[in-house]
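First chain A sits with chain B, and in the next complex the same chain sits with chain C.
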Partner chain A sequence: MKSSRREFLKAVGAAAVGGGAVGFPAVARAQARKGVPSEPVKVGVLAIRAGIAAAVGTAGLRGTEWWAERVNKAGGILGRPVQLIVEEESNPKDTVERYRRLILQEKVEVVLGGISTGVTLALGPVAEDMGAPWLSWDGTTQKGVEETMPNPKWAFKSVDNEFEAIVAAVLTAKYFKGIKTVAGINNDYSYGHDCWETYQHVLRRYTPDVKFVLELFPKLGVTDFTSHIASIQQAKPDLLMSSFWSGDTTIIMKQAAAVGLFKTMKAVFTTGGGVHDSLKKEFTPEGLLLGYNSMYFDDPKGSALLKQFVREYKAKHNEYPPYECDHAYFCAESFKAAAEKAYASAGQWPTKAQVVKALEGIEVESLSGRRSWRGDHIQMCNFFQGVTTHKNPYDFVTINPVEVMSTKVAMKPAGGKLLDWINATFPLKG
Partner chain B sequence: MSRLVLGVVTGVILVLPLLAPAYHVLLMLPFMAYAVIVLGLNLLFGYTGLVSFGHALFIGIGAYTGAVLTTHLGVRSLELMLLASAALGALIAAPVAALCVRYVKIYFGMLTLAFGMVFYTFLLKFYRLTGGDEGMQVLRPTLLGQDLGGIPKTDYLVGPYYYYSLAVLVLAGLVMWRIVHSPFGLCLRTIRDNPTKAEALGISIVRYRWSAFVISAVYAAVGGALLGPPTGNVDPTLAYWTHSGNIVFMTLLGGFANFFGPVLGAFVFIFLQDTVMAVVPYWRLIFGAILALVVIFAPTGLMGLVARRRPAEVARA
Partner chain C sequence: MTANLVNILLGGIFHAAILFLVAAGLQVVFGVQRIFNLACGSFYALGAYVGVTAVRAFTGAGGSPALFIVPLVFGGLLVGLVGVVVERGLLSFVYDSDEAFQLLLTFALVLMLEDVIRLTWGTAPYSTAGLYLVYGQVTLLGAQVPVYNLIVIGASLGIAVGIGWLLTRTAFGRIIRATADNREMAEALGVDMRWVYAKVFTLGTALGTLGGALVIPTTAAMSEMGIELIVEAFAVVVIGGLGSMRGAFVGALVVGVFRAVAIAVYPALEMLLIYLIVIAVLVLRPRGLFGGAAV
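This part shows the complex of A and B:
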């Protein structure tokens, strides 16, 4: 395959800086299907590469690269090899510019990626304006907990931000009966506030007399929780709830262990599984509720695909994969399935509009199991949470039992208002 | 810069939407917005000798003014957005400037940085008012009373909005040219070069510095208002200190000693960032190295390099 100057520069740049611009993976020689052009199908990827969420963006990118290698080894999409064009997700202004570059300059067929809701709120309307499919990994177009784009044509969005807080509240009621007082420590931005509010609403439905005695909102990226932990100790709650998802989970766990915080209270980390293999046994106790978002790498009921991915990911990156890989894999795989589905009826490489139509309601095998797109372009999948255990061959905690909850039962329906739906779905107990 | 070069550059910019790919025309939009911003910043930096690390505050004022007007108050006129941004920028700059211009050098820089971060924190924390980290939507504005909602957004941006931004930049450039070549501009340069002598000549240093600060804030707010519609959303990072750093970088890159230097710096910054980002994942390293090289080897910026080769011509600019 002939490489352009740009691709050559990419490879040189990546080699020079040790970084991750993506060249061509190995492609099995395959004949393009009738009516399908032979040149590579360009897939745009937006991934965070700097700052607190760089690890998450990197995981998503690795998941996409693994998908592309796998697809190319199998002969591409309808015989067309996949070529990834990677751009950086940063702030809304710059990311919108990179998105436009992918569409207008690189002429990609689809854009995958987007993690920060602050960014994806801006990307959604731009995707609609530009008339090209955009499949968000982990970003929504929610303002707070309510949807701003209920009927998109081109934008496909992630699971509602507050979903894992709902799951965690349901499981709190199940595993930690008799909880009377709860403290919350969540990041000081919309995700942290929304998760905390939602968690309180749902938990109150199960235990109406529960009291929320303390709420703390440290800035995202804080590395010293000494004062926060002192406040929690003083408040003496029965349980601590947190929606931390990045390195701050590890830090607070270490600092909490130093003062024996979880010897006196239970804890729920709704999204801490984002940094699961940094939660070492030496400072992460058993008996906490821990959420892994949409993919649990050690799922005993996991598919052969998941096991292969975990094995190869560990071999290549010396880490166990976090959930973002699954969001990314699903987005890419659903695009492939939609292109093939649209081809079956069109008899030629589908237009972007045909791909979008085929995506609606499509269900594919992802790393975590079967996943689909709802009619209003929201991801449907399972979320994994459970109780931490040390009984495993790793040096970090895993969960047992593993609780699996589907977005079909614990996420507000299309067009629904969150509080109305919570009140209708979770009848008051007690 | 000779009038011939200026004429050719203006001509190229005028015909660019007809010749260049849409994406490159779209990149000209942030360039023109930043060009307005750095023209104002350089009144303070290059002509008055005060380096502000907090001008993103005023960019944020302009951007959020546009967002509030279009999404909450139903005002879609870009002319009104620009006027309101300028007025609000001046209103907020007046007391900020009064406090800041009493200091110089690092103390001035730190004070402006502090005010910028106060506003950033306000945007981030007052969620119900500002949208917090999720920011605020900017609806498509009307241009000269024309509702252009019927045409695709990209066509709107590379056509009418492009020429509107260009007109604002040209107007801002002409006004700034008059300012820096007026007795007022001469006083600013005197204050920069020898404040003691300026004071002895009867020039009120604080008053002149205050005026330069407020004018530069108005330019930043107008540029900020122009940045909002292409993205369709504004967010607190527009007011973050690194954004203030970017515009100082643009000014240094182009050269603060020349009227057109910061504008060239904005252009090179935008297009260089675009290219480097597409090639190297760790583009910030490259930019850091470029900044270091500029400061060490070309302290007068790109225009300074030109001036070394063509001293007579550039001196006339």
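This part shows the complex of A and C:
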């Protein structure tokens, strides 16, 4: 069973590389630079392919494949074509095993990917141990809101989990003035609990007399929220907050519309943009606050790169890309930039240690704009949230206005306690 | 106040209506074939996906949105025929095997069907968009109730009555009950067991797939949605009594309504309360409320 699954994944990996192979003729013409071997540079990818987060994992993989195709068309990294080796992210134990396999057997230069913090929390120490760079798409090494690896050498981690809850709280105060009572519905695991806690703390900094009247924590994967909605109706809050990010966002939106829930209250979906194109206008009202994490596909100020990506993604997959594509693109692109930067000083294909050194503080152009790695290996970028609108050419909602908030402004800097920092920082000035 | 009560109770009853269909499928199969079919949850998921596909094909071909329930039910029932394949192609070989082995086989089926769904329909949530809302709402004692929820509750009740009628008033029902009571004797009296098993298993499967199809307009299909439900269906049969149809009915109501009340009163108790009831039943009445009665 296990070996056959590996074979299958190999086939998938080969298919991914096959996608990249479209650009091979061009690559063949490109010459490897002096001191650079000519064989392909192997890049390991860990992507969730099953379960609730499979759609997210797929989006990350597609973003990476698009990057690889593009890089190969342009002559590879320092003249070396990119070869993706794709493995599955599943539970922590198996994923760690596959990570080791990528490093030891496949001899990849870098491993990209990791979405579930449950998995990446285990992956972090292993990356340190193995001495090979690992660039996480969406997973952190936080336990709750506490960082467990403040000074990593090889592990590069995503934006703090609770960041979008902070942005949402700031925007709640801005757009929904006069809110007195708030209910929360969040998934019953670390991310859901942390987002809810953080949201409450930040919102209290703006409206100290706000009351949190109900908190619901359904399990991840629940498909019937009828009873939860009845409970929310009973509590009659002015506003409902949710950090749902998967299909449950769509489901609760639909079931809420069936009883007219958002006719009587406002709502904030901090992360619902993860399934943005399933939020159809028929059941998703205007005037809700909706978060798109680190990439908004329809950003009116979006770069030419974003527009090209959205166009090609739609043409190929018949969907509009969610944010995970950008986490993945950034990780891959920053690796490329770091390899080139390290080559400039080393004069030959850089060692893994030279690559991680070059990665620290590096800034590159990603799909959503400029993104960088902070000195302590945390992703720095902009997050996009806004108020839902039906005024667009799609059959699902988009946001207008689009609020952009940087991790430089509203994410806890390295070190210190989250609560102390929140108390010292919010309300934001200006 | 009454509006809240209506919302909470109807939320619970709606959940129970779906749960009953899946649990009834589980019960009828166990009652007759003595196989605890873990794959009942997968059939539920399969019915959901096929239901969406049928509805999309129907509206895509210009069908009136208000009639979407026709292809939905039709698709849900039709895919129930997969039961014949599973029974004849797999289960028929293991009737004499150890129970643990049978359980493992149905669990293997759970994993396989999840992969089949993923390969066929992909990993993204799959739904009928806003069709759920075409029937609008009615106001019941001040509460806004989606008409479609009432249709599902009505359909589930109708099916419960229909199964009751089938089991007690028809020749086939008598054969089923006789088989459940004493398989050897029924066989000795000339009942073709293979035929009965194939029909019963298909009935059980179709109840699950229909349940999945009926629920899907209100939600979105996800490949692992079946697993979530197996756990609750398990609680239903323990409370109601393994193999009993009345048990499935009452068990589903208990689980659905208590879950809804728990969410409204003290949300942290949501599933715990159900397990507490399960434990109480296991301690005080291990056979379940209606256990021991044939089907």
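The rule is simple: the second predicted complex is superposed on the first by the 398 of 430 C-alpha atoms of A that agree within 3 Å, B and C clash if a C-alpha of one lies under 4 Å from a C-alpha of the other, contacts with A are read in each partner's own complex, and residues count from 1 in each chain.
By our rule, a contact is a pair of C-beta atoms (placed from the backbone, for glycine too) under 8 Å apart; a residue touches a chain by one contact, two chains touch by 3 or more.
If you're wondering where the values come from, they're calculated on a predicted model, not measured in any experiment.
Engineer: In the overlaid three-chain picture, which partner chain does A:A54 touch, first (chain B) or second (chain C), both, or neither?
Structural biologist: second
Engineer: Pick one for A:K316: touches chain B only (first), chain C only (second), both, or neither.
Structural biologist: In the superposed model, A:K316 contacts neither chain B nor chain C.
Engineer: Once the structures are superposed on A, label A:R370 by its partner contacts, choosing first (chain B), second (chain C), both or neither.
Structural biologist: Neither partner.
Engineer: Output check: A:P92 vs chain B and chain C. Expected answer is one of first, second, both, neither. What do you get?
Structural biologist: A:P92 contacts chain B only, not chain C.
Engineer: Is A:D224 touching anything from chain B or chain C once the two structures are fitted on A? First, second, both or neither.
Structural biologist: Touch partner of A:D224: chain C, not chain B.
Engineer: Answer with first, second, both or neither: which of chain B and chain C does A:V259 touch in the superposed model?
Structural biologist: Once the two structures are laid over each other on A, A:V259 reaches chain C alone.
Engineer: Touch test for A:L121: chain B only (first), chain C only (second), both, or neither?
Structural biologist: In the superposed model, A:L121 contacts chain B only, not chain C.
Engineer: Between chain B (first) and chain C (second), which, if any, makes contact with A:K280: first, second, both or neither?
Structural biologist: Second partner only, chain C.
Engineer: Please write out, lowest number first, the residues of chain A touched by both chain B and chain C across the two complexes.
Structural biologist: 49-50
Engineer: What does chain C use to touch chain A in their complex?
Structural biologist: My answer: residues 3-4, 7-8, 10-12, 14-15, 18, 114, 118, 123-125, 127, 129-130, 132-133, 137, 144-146, 148-149, 215, 218-220, 222-225, 227-228, 259-260, 263-264, 267-268, 270-271.
Engineer: Once bound in the complex, which stretches of chain A touch chain B?
Structural biologist: Touching chain B: residues 6, 9-10, 13-14, 16-21, 49-50, 86-88, 91-93, 96-98, 100-101, 104-105, 117-118, 121-122, 125-126, 129-131, 143-144, 148, 188-190, 193 of chain A.
Engineer: Give the list of chain B residues in touch with chain A in this complex.
Structural biologist: Against chain A, the touching part of chain B is residues 21-23, 26-27, 30, 124-125, 127, 131-135, 137, 152-154, 227, 230-235, 237-238, 274, 277-285.
Engineer: Of all residues in chain A, which touch chain C in the complex?
Structural biologist: Residues of chain A touching chain C: 49-52, 54-55, 57-58, 214-219, 221-224, 226-231, 233-234, 246-247, 250-251, 254-255, 257-260, 275, 278, 280, 282-283, 319, 395.
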